[in-house]
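The following pair of complexes shares a single chain, chain A, combined with chain B in the former and chain C in the latter.
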Partner chain A sequence: MTAMWVFLAIFGEAIAPFDPLGTPEDVLNRLESPSADNWFGTDQLGRDVFSRVLAGARQALTVALAATALGTVVGTFLGLLVGYFGGLVDDIIGRILDAFLSIPLVITGMIALTALGPNTLGVIIVIGLVFAPLIAKTVRAAVLAERQLDYVSAAQLRRERPLHIMLVEILPNVINVIIVEFTVRLGYAIFVVLALSFLGFGVEPSVPDWGLSIADHYQFLTNDIWWPVLFPAAAIASLVVGINLLSDAIAQAFEQ
Partner chain B sequence: MTRFVLRRIGLALITLFLLSVLVFIGTQLLPGDVGRRVLGPFATQEAVDDLNARLGTDRALIVQYGDWIGGAVQGDLGDSISFSRPVSELLGRALRNSAKLAVVAFVIVVPLGVFGGIMAALRRGKPTDRLITVGGLSATVIPEFVSGIVLIIVFAVWLDWFPGTATPPPDSSFITQLHHLILPAIPLVLVLFGYISRITRAGVIEALESDYVRTATLKGLPRPTVIRREVLRNALLPTIAVVASQVGYLIGGLVVVEVLFNYQGIGRLLFDAAQKADFPLLAGGVLVVGAAFQISMLLADVAYSLLNPRIRVGGKA
Partner chain C sequence: MNKRERQQVDAIRRKSNEIQNHVIDELEAGKISRREFIRKGTLVGLALPFAGIIAAACSDDDAATTLAGATTTTVAGATTTTAAGVTTTQPAGPTTIRVGMNPGPAVGIEPVLINDEIGLAAFGQTAQYLVFSDAELNAVPVLAESWESNDAGDMWTFFIRPGVTFHDGSPLTAEDVAATFNGPIAGGNAASAYGTFGVEAGSAEVVDDLTVRFTLSQPSGAFPFFVSSDNYNAGILPKSFWDSYTEGSYEQSFIGTGAWINDSYDPGVSAVYLKNEDYWGDNSNQPDRMEVTFFANEAAAVTAFQDDQIDVIHRLSASGGAALIEDPSNTVQSISTAQHRQIYFDTLTPPFDDKRVRQAMALMLNRPLLIEGLLGGFGSVGNDHPIWPVYPMWNPDAVPQREQDLAQAQSLLDAAGYSDGFTAALDTLEFNEVPDLAQLVQSSAAQLSNVDLTVGVYDSGTYYGDYWLAAQSSMGIVNYGHRGVPNVYLGAPLLTPVEQGGVGTWNASHWANSDYDALFDQFVTSPDLETQRGVAGQIQTLLNDEVPFIVPYYLDFISVLKPNYTGFETTGMGHYIAVNSGFTG
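What follows is the complex of A and B.
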């Protein structure tokens, strides 16, 4: 399922039978129900829902991937630092982290994007920076366990520089933890990215985005116009469940 | 015990203080010129200056913070820009509405999640277990607005069993209110079910493998008695902590659900505040949300230590 969406994210625009951004003539065919031409019907501007669902895969996956990658890189580095040096730095960062985490991520995102205005880059940076401390927490725990081991003491006795020990000696040994963390966070990133775009804080209007499509059309539900909403919703559900099953499988594979 | 509680309260207060600084930075510093943000790019500079003077946003930041937090401690969070009402009054009403929705969700999900977790643990590795574990996890990752939309399409539009909005007519009876709240509660239930059942399952499995359960079994106690008396009592402890820690998630979820179902709760209010760049309302709302989260974590820790026979002193263990 995940593979299918990754494939569609790369080639979706080429397959799409119509321009997902729509053409001026589309306005004549607004909100038409699914037919042989428009498999998933058309939306309020007459754009083909099928084409927009295909194009939306790229939007959702790139934003979530970029945000998670940013969070993982920053978080891993922070986690290595805090786990390796420990002590006061650990305490201070831990407290600030607790305060930060008392606010739900959707609300943090809303505040930051109110200040920044809705844009894709803003979403990536906000989610990435919120994920960083969460990932740092996991990495820190793994580093703490590694630091007790002999190979670290040996490296310290060889007078290797701390940065070298962290990146060359410890990092390869905690990489499994980081990979699992990455896949778990990726699923959650999609969850938040789409929630924010549903609320109108995520992307610029007109971008083919699943969350935004649903937000734009759920008011029509009372007239039994369900297709511009139900198809993106199904796309989201299948993507997040697919990623979730994948991360579950990866985690189990590492445990054995 | 008292020392533990006092220490825990101290920690919560420090966290709240840090949170207030973060909220202040987020809502006062990030927007830059508050007056300009509220009035938009076409307002005259005099109007912007005037509004900044009226809001007090032209003063030094540290003075503004002192003023804001001093008022907050006394329950005064300033006035909302867009509603022209005291922030505390708006928040109070929204919190009451959200609490109703949250209670409905918890009343459904806690028994369901605990029961599902116990069933999964007792049938570990069998299809029932896989169904509950994988199904629960999958439901957890589907965003609330996706499940909410499907519920609206099926149960409100096609079947017409439930209303598509959560707001009941004014002064309606308890039953009518409940009828309006069930559909919006289900997306929250779906997300929470996975967490609660997973933690219950882990607790029950750990208890089942413990020495005291083996002792009880070898003593010849019938299995239902063992499960009721020995397993559940120990396994449900971690569940309490998880239920409380989900209050934080719940409020994030409320934003989405309340917007979708058009319900005047705290999530909807924060959403409106963010959309209208109503910074006093936003700051007050987020502070209250953070405080609610800290209080629920505090209560969970205290309840956990009270109920845990290994920490409890002087009771019958």
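What follows is the complex of A and C.
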């Protein structure tokens, strides 16, 4: 399932039967139900929903991947830092991270995006930075266990610099934890990315975005116009389930 | 015209001033229609019976004058009644009518601050105006029984209707009128209608108990509209109210002279009104009770209508209300209005500092397609100036309708040095079909060579606060509500902007043109319709050529009623009158 969406993220726009961005003339075919021409029907500007669902995979996966990668890099570094040094560093940075985590994730994202303005780069940065403390705590726990081991003490005796010990000695030994954390966070990131765009804090209106599509069309559900909502929602569900299954598989593989 | 009619007209002419006689001249010369004469004549203070006599005497021509402003159409089988010609129905016994509106009043029901359609409609149930600007652009006497101007048109006298009382039983006097116009609403809230109509503070003077005189700093032939419901902040309230006014105090009393007395109000949720038994007008058919529900969004209002929780939705968009509009069992009322969207350009910075680029953007739009696709056909094309073709002063010969021409648009871009295209930001607000319009402008621009627009859509607070008049948007789309005369459209958004030393407080395009400023002065001081139409023609031509903003279309005002509910009238501005509404069957 995940492989299918990755494939569509790369080739979806190329194989889409219509231009996902549509043309001005499309508006005359607005909200048409699924048919042989438009398998998933058309949206309120007459654009082909099937083409926009295919093209939306790239938007969802690109933004979520970039945001999760950013969060993982920053979170890993913070986790290594507080886990390795412990003591006062752990107390200060740890409490700051705790305070940050006490604010609901979507609320934090909305406030930050209100300040930054709704754009893709802003979404990536905001979600990345919001995820960083979560990942940092996981990495910290793994580093705390590692720093007690002899190879770390040996490196310290060799008078290697702390940065070198963290990145060269400890990091390779906690990489499994980081990879599992990355895949878990990726599933969450997709949800957050699409929740923010649903709430109007994500991408610009014409971009084929699943969350935005649901937000733009859920008002029509009472009029039995379900297709511009159902198909993007099904796409979100299948991608998130796919990534979660992948995450479980990776975790099991590392455990073995 | 027979001899007797000639004598009647001559007698009326002798009692009329120079401006009134000029309007009669225009009718007799065939320069204006009977309908325009009635409108213009009452506007300059000709009593309606006199105007009727003159119009009847000149009735040989123009017998088939069509209604302007109101339309009668059939939409997908649904009966559409005229807003102006609604047939009222006698309600049987005590009745309650249920009105749905969306959203709630933006700034509450606050006479000084109101600047939205819902707020003004709610205010208009309890408060009334000197003059009502109706759906056909007539200035209808309400609390002013009649009015007249001096020959110069810079002094207007309004004669207050005797026998009118406020809801607390106190009589309406000229003191109340003067206190209204000279009081807090004249305090400079630029966002309100009052701020743009520019009725000068202190200009209202009490002549006697029932006479008020306004002295203007410059002549105006349309002044009755300045004190009408178009100037929606100017509901007449008691002097005692204004003497102790504080922001929000109106919601403590809801006092006014209107046919409805407020019984309860839950801000943003609902309001209940009861029939005013002491109303000055004929309200014998008025329902006993009116329940108004404010819905958070259009979808909620549509669902409530379908669930039979309300009898009418005051206003619907064509897209959001499609399910109700297309249901043949509902009654759909639509009236043409001057409400329009302005797609403005930052004329100070590239690429839109070159008018050829602005012209290219205007040429790329397929306007009939926008009306059909975005408005479901409930609209009419615009021609990149805000003088609505239904206005009497609109000049049909000034400039041809702009049509889509992509080849010409591209050649204009090439000539302006943008053959390789450009990128620009188009920022607008979340309001009805406006985000969709922005996307269609974007996809239309994409048909030109490498023209890439980035669309930003914001809530109204963010948009008006950070983008509208700020210099950070290359393009934007803003909404302008209906007005009985185009003075507001031609003033604040187009006169030389404040930051450049002018008085254009709403000039989002930052466009400054001294020729235009001079034409505007001529327009507002034109003594007669023919002169004004000539100036309007020059304005239409200039704006169509300069394109500080695109006017893609004018929108109809759509209401949907239950099939057994009739007599609900609206205006393009958003006011509604339910006094004579009721149920059949």
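The working rule: the second predicted complex is superposed on the first by the 256 of 256 C-alpha atoms of A that agree within 3 Å, B and C clash if a C-alpha of one lies under 4 Å from a C-alpha of the other, contacts with A are read in each partner's own complex, and residues count from 1 in each chain.
Simple rule for what comes next: a residue touches a chain if its C-beta (ideal position, glycine included) is under 8 Å from a C-beta of that chain, and two chains touch if they have at least 3 such contacts.
These numbers come from a predicted model, not from an experiment.
Touch criterion met: A:200 reaches chain B and chain C at once.
In the superposed model, A:99 lies in contact with chain B only, and not with chain C. In the superposition on chain A, A:188 contacts chain B only, with no contact to chain C. Once chain A of one complex is fitted onto chain A of the other, the partner contacts of A:129 are absent, as it touches neither chain B nor chain C. Applying the stated contact rule after C-alpha superposition, one finds that A:214 touches chain B and leaves chain C untouched. In the overlay built on the shared chain, the residue A:144 is in contact with neither chain B nor chain C.
Touched residues of chain A, counted separately for chain B and chain C, are more numerous for B.
Chain A uses residues 114, 200, 218, 222 to touch chain B in one structure and chain C in the other. Across the complex, chain A meets chain C through its residues 21-25, 27-28, 30-31, 44-46, 114, 117-118, 200, 204-206, 218-220, 222-223. Remark: chain B residues 14-19, 21-23, 26-27, 30-32, 134, 137-138, 140-147, 149-150, 152-153, 156-158, 164, 248-249, 251-253, 255-256, 259-260, 270-271, 274-275, 277, 282, 286, 289-290, 293-294 touch chain A in the complex. For chain C in complex with chain A, the residues that touch the partner chain are 297-299, 302-303, 306, 319-320, 322-323, 366, 369-370, 372-374, 430, 435-436, 438-440, 442-444, 446-447, 454-457, 459, 462.
On chain A, the positions that touch chain B within their shared complex are 95-96, 98-108, 110-116, 187-188, 191, 194-195, 198-201, 211, 214-215, 218, 221-222, 224, 226, 229-230, 233, 236-237, 240-241, 243-245, 248.
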